[in-house]
Amino acid sequence: MSNEIDVGILGATGTVGQEFIAALENHPWFRVTWIAASERSAEKRYADAASWQLAREIPHGIAEMLVNRCVPADSPSLIFSALDSAVAGEMEAAFAASGRTVVSNARNYRMEPDVPLLIPEINPDHLGLLQQQTETRQWPGKIVTNPNCSTIVMTLALAPLCQFGLRQVMVTTLQAVSGAGYPGVSSLDILGNILPHIPGEEPKMECETPKILGTLVDGDVRPHKVVVSAQTTRVPVVNGHTALISVKFNAEPTCEELINALRTYRGRPQLEKLPTAPNHPVVYLDDPDRPQPKYDVDREGGMSVTVGRLRECPVLDYKFIALGHNTVRGAAGAAILNAELMKIDGLL
Amino acid sequence: MSNEIDVGILGATGTVGQEFIAALENHPWFRVTWIAASERSAEKRYADAASWQLAREIPHGIAEMLVNRCVPADSPSLIFSALDSAVAGEMEAAFAASGRTVVSNARNYRMEPDVPLLIPEINPDHLGLLQQQTETRQWPGKIVTNPNCSTIVMTLALAPLCQFGLRQVMVTTLQAVSGAGYPGVSSLDILGNILPHIPGEEPKMECETPKILGTLVDGDVRPHKVVVSAQTTRVPVVNGHTALISVKFNAEPTCEELINALRTYRGRPQLEKLPTAPNHPVVYLDDPDRPQPKYDVDREGGMSVTVGRLRECPVLDYKFIALGHNTVRGAAGAAILNAELMKIDGLL
Amino acid sequence: MSNEIDVGILGATGTVGQEFIAALENHPWFRVTWIAASERSAEKRYADAASWQLAREIPHGIAEMLVNRCVPADSPSLIFSALDSAVAGEMEAAFAASGRTVVSNARNYRMEPDVPLLIPEINPDHLGLLQQQTETRQWPGKIVTNPNCSTIVMTLALAPLCQFGLRQVMVTTLQAVSGAGYPGVSSLDILGNILPHIPGEEPKMECETPKILGTLVDGDVRPHKVVVSAQTTRVPVVNGHTALISVKFNAEPTCEELINALRTYRGRPQLEKLPTAPNHPVVYLDDPDRPQPKYDVDREGGMSVTVGRLRECPVLDYKFIALGHNTVRGAAGAAILNAELMKIDGLL
Amino acid sequence: MSNEIDVGILGATGTVGQEFIAALENHPWFRVTWIAASERSAEKRYADAASWQLAREIPHGIAEMLVNRCVPADSPSLIFSALDSAVAGEMEAAFAASGRTVVSNARNYRMEPDVPLLIPEINPDHLGLLQQQTETRQWPGKIVTNPNCSTIVMTLALAPLCQFGLRQVMVTTLQAVSGAGYPGVSSLDILGNILPHIPGEEPKMECETPKILGTLVDGDVRPHKVVVSAQTTRVPVVNGHTALISVKFNAEPTCEELINALRTYRGRPQLEKLPTAPNHPVVYLDDPDRPQPKYDVDREGGMSVTVGRLRECPVLDYKFIALGHNTVRGAAGAAILNAELMKIDGLL
């Protein structure tokens, strides 16, 4: 097909890398032609290098592909990065410096003032930061990032409510083990247990949210004034981060207004029918027993965030529960949707 | 031994009833001589009637005991109640009306103005309500209650902090399946899953806490002014409720003052060395990975609440994590400690 | 569509009943027009009566349907039965006596000499027993059964090997909790635990297998001479029964011959392309780490049995591992495939 | 105390090393004075070097101890080895060559003809091999081993039955994740899943058993003629290996004779009241639902093997279920019991 765009994947053997490969298998615009991973995997067949974790099989064309080293030579111009943050900083810069467009899931550049921290439903105009990035960094390529997985789930549930003047957010997460990669969390740590601490996770939710919900003014993102407090835990669930959220508003919306805002929320991905966009970025369920990972994590291919139990909060104003698929909507699917937005905006 | 007091157990075959039996096996003051349960179990051997859930075996003397019907005749004067709330209201009243002292784990009388909602470390003087109870109800016996399991865990962590003027509490719980009794939660509902709703649990935490922390004035409990907002979930853990808590104070305590208050907290059970009292009702751990059910749920026989990760909260003032054993400190152990306090206060 | 056949479901609200409804949602031949369940559910909306357990939602047309009592009046002529064995004996007879064709998953009639115990790939000719059934019972209708879930998984792996003269089978199963229905296994019994005993399961595997693998001679099934010994356990897995099998043969096949027999196995469902038939009733995997419930339980919609690790056994001849979806291939899917075979054989 | 013997632990930071430290905390004869681990841990405080996995806390004296390198200098004369097999071969030899008595849990020397593969209840006379070992190897020290964890559990259940002429054993195991060490099994591999293959485990059970049950004749162990076939799986259980076993005998014992043999089984550890010896090395339970890891794994401090469900096997003669604690009876406790036997035999 004439409009197929070659893409490469950095960190292709890891948990998120595998989700990229699965999600791109039949993508109408993008075609994986190049995969790279750490030195340990380099020059192996992908099927031998990756501990494949998904129930669906490795796409046929990919299984036999040789894994490259993470250097730009011979790589296509569009690169998805699922690199570990220990190495992403330098490597992604090298790809951008050599003219590649890097659409990254790593945290390294998220809070840089000239790097979009993009959720296409929420802040598609933040791509405007790229102009500043080009000027500042003198890269022929560029870097665009998506937020942390828990942050994406939460902000998609918060964005429809911003119209009521969001002031404060308290959130507690119950996060799935796939969020820690593979081998990641030891079974001895999590079978029948709860881990009360995920290093680095709470600051991410507290810092990234104001930037995501911020406003582009004169080429800069002015952060939203909302104050976020997060407590993050790990639970024995395979996929799906659950967030229990309380919020305080400047306005005095009713319960019905809030639920209606969640139910009717749409963004550019929906209006422009981007290939990976869910019809409903937010699904509100009336059943008080929902959302649950077991039933709701795979809605619309894992790209919808499910919300339920919106009710009054005696301390702030309202409280509710949100659930999203951490490696799809929270990682690989997020980055692919970012690239789709960039394509229709002529940025690829 | 001359000072042994005969006790009976209502609801002896259920999860909490079993904990009563286990905890009383070698009790220096109390001796189980009478057990009762529902019609279905009546007149069976205890070992046949109960689906015994504990790793330790049924105490020898109990296994062969016949299960009675839940009627006062022939029962001893001290009764522990592990009845289901569907029947506890009427039955406990019948026992009190026939002169028994009912120390109950059921929720039915907890919020009655003339019934103590007792945690011996926190509000031992609330036993003063019994005078009003006797006057109002004309029972020759009496009813004393302990709070809901999650509420006990949380309030034991909050009580040491009340000196700083507690104003607001936000809490999210991750509760163990043993809290729902047996058979309780279906494996199909919880394996690899999270249940976002425990019916009736959130109002209990929000209502019971002000009464527990309240002050006895002129024979009435004046509730504490703290406002509590709770979100409660069920997780695939066998024993141990974890609570993620944020608090706001009137004063401006430092982190160190709060941790010191938690560490040095003692109450009458400790001062009077009650048999079931833990040396440390609250244990504070410095390790950021703690508390965890796996390591901490059985501290001091399950009677200590473990707290960790106390740090600043961007929305309220401070946040931290508390963990307690829901069927021991949160149920059977709580009631036994109540009875021990009543004994030294001459109320048995 | 002219060739749609109306079907009813007995026991429609239970775990297997739900799988029937899900599997028939878009069936090319069968259309669910009537559902029935116990007195407790009768005359309720299906969505209210059933504790729906599947990730996919209740089919729209079914959710609003009223649940009937389990009596034949007004029921269609083809009935799938997911009844509990406590009631299936009498009820299924009543439906057959009133002219219905009952395709049952219950165990009550499986071992009756005039009732087919059918696996369409293995013994489609056993439908010949229906002639005897009609003569013996004088029912205007009929009853056809499928085997126990574990037995189906095992016999599909054994059938391709029968050509080598199967003499002895030792099997240990690790069975999923969905096999016990809902609420079924209590979370307190299975979280982090193994149940070593599934009442009634071992005799089923030992008795049903010789009948399934038996030969129809003069209108009777002559049982296969194979001797089976089973040990069955319950494990904390949601779907998928794993069977560890050792076998002894009369002939002396090589490992390659056995694997080849498994890989090339096809039966009438494949030849006649029945709608619910998998392309490969048995899938053999070379990876020594497979099959695993996580990866393999849903192969071909849950209708394939996956086999791996075939190797020599020092005591018998060979040993290997088989895995199948207990509520699909082992229950609802099995019965639907039976009905499809009956249709093309003109028995509906 | 005058009779305290100083001991060292190789591999002290791992899962089994931790069990050694916990089990020796209050040992009447042995006192841990020296701990060693890999280069990565060397010269750190033990509490910093080890990811402590046990619910009880690190013994006070050990937490502050510095971790040594695995070289003999300064080590005491009795060494427990919890080393990984990748390094145990060379290191244990070095310690024996420098005069230490190495009581090892590693597999490297188990099948050497001059090394005892010891279970004190079963084959205490196999210590007679040490004479040959001294002659062959010219070590001033010596090496004694205990079997693989699954093998110990199974052979303790088989040993009492050997009097009936054990000919064939078929076994399927359901093994706990603690058997793989820490971090060991990834949570992504085992949550809600079964792993059908534990590399190297089946040959161990098949080879070690005949040596353990063998007879010392003229200074050599003549292996028992029993043939063993094993299938080993990993299940989501923290501690406790379950083995489903079928056996064939030369004699024709009754069920009662077998159960009686299991119940009355005692060995030298019981007769000589060794400190770590359980009163009952084998406990037989009549309840058909037992043994279960949840209830039975910690019997007699984890040193008893629990057996249940002994019944006829249609293929071999009898089948039953055995359960034991893999890191206690199957590892650290096994080695300590070995050393206790050596002490009373004057071999330390």
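Per-chain residue numbering starts at 1, and chain names A, B, C and D are given in the order in which the chains are listed.
Basically, a residue touches a chain if its C-beta (ideal position, glycine included) is under 8 Å from a C-beta of that chain, and two chains touch if they have at least 3 such contacts.
Computed from a predicted model, the values in this text were never measured in an experiment.
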### Message
Regarding the chain B and chain C pair, does the interface count as same (over half of residue numbers shared) or different (under half shared)?
### Response
same
### Query
Which chain's centre, taken as the mean of its Cα atoms, is farthest from the centre of chain D?
A
### Chain pair, A-D or B-D, that carries the greater number of C-beta contacts
A-D
#### Entry: Distance from the mean Cα position of chain B to that of chain A, given in whole angstrom
42
### Query
If you average the CA atoms of chain A and of chain D, how many Å lie between those two points?
47
### Task
Could you tell me the distance, in whole angstrom, between the mean C-alpha positions of chain B and chain D?
41
### Task
Please set out, as single numbers or ranges, the residues of chain B touching at least two other chains.
189, 191-192, 236-238, 294
#### Entry: Residues on chain B engaged by chain A in the complex (per definition of touch)
168-170, 172, 174, 189, 192-197, 199, 206, 227-229, 231, 233, 235-238, 242, 244, 246, 288-294, 308-309, 313-316, 319, 321
#### Entry: chain C to chain A touching residues, read off their complex
55, 191-192, 294-295, 298
### Query
chain C touches which residues of chain B in the complex?
15, 53, 177-178, 182-192, 236-238
